[in-house]
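Shared between the two complexes below is subunit A, which pairs with subunit B and subunit C, respectively.
Right after this comes the complex of A and B.
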């Protein structure tokens, strides 16, 4: 899916936990996430901490969208 | 002949430990065969014995690959097997990645032969086909019998150190290894034969399938993210509560398009996941954990982004055919372009 949307001419960030799969499906901008059932959360922490975590991940995502890349890039 | 010792690797589901709610269990081992191990046991007969089964939760493995693999290899080594059989994983993505990683680790770190089986679209195939024999299976467990029938003879050959035939003869996915041999017909004759068949519209088999490097060149970065219109897309199955389009929990036949107008936060009363391939508890409690609408609304208000696009798109990426995913994303891409979307955040579980 990432590849087809990228092909349509829109930059895509793929946020996912299993980075090797993201690489094989051909995502160009990749932001690794927390866990498979809750990529952008953490049920073990408080709601405020969880939001803060999500905010940090999305800050990274905005950086990834603002960064020129030539090849598949993982934004750790 | 000495009886061959086999260790079998399974996920939590096939090892009969539990479903998605148990996908986070660390590795454990049991003596003897479990689940599909019984079918392998029957096919091995007296030639080989499954001495132990090692099982690990699919999510645990994929979230902690290094720790999980090290623990699994230690367990496997303690049984001193002659061959390790992993799966088969069919079209289960996390399981396929685990089977490929375990089989590769067994071969490379323990110097013991290993084999696995998967459907050709499983992401584990692209990752590991060059390092281990992956028998080509159907996309679901209904193909167990056929998979066992191919995996058992190949496993015995590998365990005995016998010569392995070509991928077409043995039924494994080509590993990208070329072997020279003398054919009865010379190349020019074979090429002309192939050409004549092609011209006559008859079926013919190429001797060298062209590798499929389907890569898309990255688009330029967004110039000014504070003015950008950003859309959310997910393969994690987030849908309005009640799943109005009835998107299937696996092998989804469609995607949904849902309006976010006026919605600031996804909560348990209004959104849920339709995905059947991960434990849904956390996403059902708070779907922002998969589709981060709450924070993007804050970013919108703070002027960090221009706007969050009005609609989000969702499907279930669970055993879904690559051709279907392509089709949905092509349609979604066209709509996003028409809506003037500048960038997409796609989340996967």
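Right after this comes the complex of A and C.
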């Protein structure tokens, strides 16, 4: 899906936990997430902490989306 | 570490007034075993049943398969950390009721348990159709959480296997196999010219009922480490898995790991079987990186010439597999990986979620998406209603006449990634 959307000319950020698979698949902008069963949350956190976590991830992702890249890039 | 394993062949199981082994028949006192299992207060009821090879019987939903064994001497007890204290096992003498198994059944997750058919098309795909199976159908107390039910059923299976195994303690074995792993230095001296081969055994450890245990420790909490192959034969590793049935390693698989058996068969002849490295398949990327790093470091430390890597399960563990392969190969150590495939029902899709050029020697257990047709069986042990939801099944998989159309992955052990299955291209 990442590749097909980009083929249509729309930049994509792949938010995912298993970065190596994202690299193999060929995503160009990658934002690592928390864990496979809960990429955008953390059941060990409080709801407030989770909200903060999500906001930071989303901010990072929006920055990645608006960043020019030359090669496959992981936004740590 | 040296272990003798004595085989006592079992050709039938019968219920009887006294639990005992007489000739090649295993007799089980139902009441005694049920009372033992019902000591777990989480259990509402236990139904014991027997499934023999060739019978028109379908067992489902299958959780685990366990071989009855007993430690005759040599320290520790079978299933350390569960049925015995955590003392090191793998030395001395162990007796096995060969040809018998305990099968645990219960609807824990519903879609992540499996099917064992004792005859017909389905029986061809599971090695457990050739065994005399004592099946435990365990119903939990109302309101018991899934994870607690999993633990209860897991322990019930181990306890039953231990109970049956003890019947073999004083019986003369028909066959005795001896396995020995030398210390690092002794091995170098004994086989200076043979290639040094290690076995990397990947353990399912994704959590959420996808777990494996080592001496009672949850494998997702381990750092990759060395273990003697004979420790596996005494139950140092047990399955706590509710995951796709076709490629999970049951406790029976760990006890009878065919990679270990084959490496021992060649040990001292064509290769020096140095040992087993156990590692995990966790859901955090940092864990995957750390575990594959440590695994490769251990391979290098052992000065291996070659490593065999077996996977458990599929999906994101494909990445653990490829990371292990790539990092071990980068140390100049040749690898062979054993996996299975999810290549779509037509077999045309990509088989693994990850890939690398280093993975140039691959053994497959088969395509888990292949569609199979199972005939109706005269008797169901357990309950059939989970079939429509089982991984590899779909709404309508279970037909009104009792036949089943589903993917191969519904069958316990069908595409096992240790090679403990019957599928072959030959």
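In the analysis below, the second predicted complex is superposed on the first by the 76 of 76 C-alpha atoms of A that agree within 3 Å, B and C clash if a C-alpha of one lies under 4 Å from a C-alpha of the other, contacts with A are read in each partner's own complex, and residues count from 1 in each chain.
In the analysis below, a contact is a pair of C-beta atoms (placed from the backbone, for glycine too) under 8 Å apart; a residue touches a chain by one contact, two chains touch by 3 or more.
Since the model is a prediction, treat every value here as computed from it, not as a measurement.
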Which holds for A:8: it touches subunit B only (first), subunit C only (second), both, or neither?
first
Return first, second, both or neither, reflecting whether A:20 touches subunit B, subunit C, both chains, or no partner chain.
both
Regarding the shared-chain residue A:74, is it in contact with subunit B (first), subunit C (second), both, or neither?
neither
Once the two complexes are aligned on chain A, which partner has more residues of subunit A within touching range, subunit B or subunit C?
B
Partner chain(s) touched by A:32 [first = subunit B, second = subunit C, both, neither]
second
Residue overlap on subunit A between the subunit B contact set and the subunit C contact set?
17-18, 20-21, 24, 35-37
Seen from subunit A, its contact residues with subunit C in the complex are 17-21, 24, 32, 34-37
Flag every residue of subunit A that touches subunit B in the complex, lowest number first.
1-18, 20-22, 24-29, 33, 35-41, 43, 50-51, 54-55, 57-58, 61-62, 65-71, 73
Under the definition above, what is the set of subunit B residues touching subunit A in their complex?
20, 23, 59, 62-63, 93-94, 97, 123, 126-127, 214-222, 225, 228, 230, 233, 235-236, 278-283, 285-286, 288-290, 292, 294-296, 298-299, 304-305, 315, 317, 325-326, 328-330, 332-334, 336-337, 341-349
Subunit A contact footprint on subunit C (complex, rising order):
206-208, 283-285, 288, 316, 318-319, 322-323, 353-356
